[in-house]
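By letter and in written order, the chains are A, B and C; residue numbering begins at 1 in each of them.
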């Protein structure tokens, strides 16, 4: 057997190994989604979405949790996007590339890997207790903002970095100031990347349970939160709560709520993909 | 029009300018010879300096075009042709000057009869006509005109070949006119050279326009298109 | 008076001296070519004239660089103002990912000019100057990125002309183009020199020979010889220049 044949066999072997690995992941996902759909799809109706939680699993609904999730998303976006994007712009374009910047950079990347419950504890102490927000929507959104800030910062920087240096040089050479260059050239050109990062970060925040439990989000909310200072619940907490009950009916409710949560996440991801593709088509280097 | 085209046009204009000057030198040399006009002859000698200056300038222009524009194909052949035509012109200018010098040195007018039997005037006019026509061919980039030159040269050769016998005969009969007769023989020799220069230049023109090398080929080949 | 003048300029990148005591003066309305092997400092030197090196953290310079007799590294000089007077065209065509129209008016917009008449006029005038008007006049609202490489580069030149500079720096403007586009850019440079002072860095010696009035040869951060292009290409005084232009370098 000569070398070329050996190489071809190795090549093929790796190809089939890769196919096997990929199918394993896909299979697991299919089983999971299939399972959830079989269990929960039948339970979803308009009442399920508009009802308040109840002790009776057949009458229980997700309205407060769904509205709470939307509130949390909205507030988190309002807090995290300006902070994260601005910090990303500063670090990429203004900050001098010295040792301090390097340390900062490593730490931001590390923050993205900190377990979310730690953020919950931080939020509980700072927002809940010291700033006196208690278990309000604002405290929850602030905590989640902290959680996703590193992701937004890093993805903003990556998006800015992906803009060719030649565009920046061209703008400077035309007599543009730094801010004009960022505003007229860098941000429009990196918009797709920045938006994608933001939406992926938000879709991470939507699924977080632990930090919100820690800061004191409620499992049973008999009202629809109406202002940022109200107490709240979110879908993952509702799911967690139902799952932990012994009655079979609540397990079905949990499956249905998971379908709704997945739907929201998929929609967000879909928007992210759409925007990225749209912008990539528009901006070709 | 590209930058190189402008330079080549300028080069052509300068070449024609020098050519006109050289042709004028020949005409003046002829006039001074016929009329023994020594002032006109001196003028020719003075103007020779301008011819030389033109030669240097054209050389420099060609050098610059080679160095700066790296001409290729027809442009390359054109500049090469100009470079050679330039030295042909300079030599033709020298011939006009030396004829003018004969005019200054001779103290007697040329015998009209001698001029007639040697056909010197006819030869002179033919040579000037050849020069004019080659210049025309160069100006119009017309190889048909250039090809006609080779035939015309035959007349000059014929007159030149017979000149020895005719002048020898004349000297035997007119011993008092030996010196002018010898000068005239030299003039005829020089005019034959003018014909050769014209032929060379015609060959260069055909080379640059048609990329055909006609040097050292028989005249019958040259006349074929 | 000389348009551009550098006096005893040294440039350092960190501890590396990349330009060593270079002095040069450049006449107005002329084309000057900087030639030399890669890494000889010619691009760095070119970028001194619009202070594009300022963005390099480890950049440091000594000496004077004057435009119209004014030291452009003076504290009182605003670099944005300087760059309106000294335009730059880069090696790779780098139009903004916007329409052709927006590319041209960018320089005016950042100066705060909003009058549509002025903008329209400038677009037409600059594109005509850059010999691009006929090719793009019907698609001004199309993306500049849809143009061919050569058209993009002429667009970049037009964009530079739009802010009415007096000096145009060109960093290998034709090296990324095919021969036909390259020739068009060269012809354009030749046309523009009537109204602008142009400095061009090029690796292509024939290009330097064709377009420039004077040529400066750089080697290892030093200016070896600066003379009329005819002299540099027919009878250079320095042996290293001769070896370089004849391709016998090394």
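Keep in mind that, in the parts below, contacts are C-beta pairs under 8 Å (C-beta built on N, C-alpha and C of every residue); 3 or more make two chains touch, one makes a residue touch a chain.
The model shown is predicted, which means the values in this text are computed figures rather than measured ones.
Colleague: State the chain with the largest centre-to-centre distance from chain A, centres being mean CA positions.
Modeller: Most distant chain from chain A: B.
Colleague: Using CA atom means as chain centres, which chain is nearest the centre of all the protein shown?
Modeller: Checking distances from each chain centre to the full centroid gives C.
Colleague: Ranking chain pairs by how many C-beta pairs touch, which one is first?
Modeller: Top-ranked chain pair by contacting C-beta pairs: A-C.
Colleague: How far is the middle of chain A from the middle of chain B, if each middle is the mean of its Cα atoms, in Å?
Modeller: 92
Colleague: Cα centroid separation between chain B and chain C, in whole Å?
Modeller: About 50 Å separates the centre of chain B from that of chain C.
Colleague: Give me the residue numbers in chain A that touch at least two other chains, ranges are fine.
Modeller: Residue numbers touching two or more other chains: none in chain A.
Colleague: Show which residues of chain C lie in contact with chain A when the two form their complex.
Modeller: 50, 52, 55, 57, 80-84, 87-88, 90, 92, 94-97, 106-107, 109-111, 143, 145, 156, 159-160, 163
Colleague: Provide the residue numbers of chain B that touch chain C in the complex, in ascending order.
Modeller: 2-4, 63-64, 67-70
Colleague: Which of the residues in chain A end up touching chain C in this complex?
Modeller: 96-97, 164, 166-167, 169-177, 180, 184-185, 188-189, 282-285
Colleague: Report the residues of chain C in contact with chain B in the complex, numbered from low to high.
Modeller: Contacts found on chain C: 183, 186-187, 190, 206, 209-211, 229-230, 233-234.
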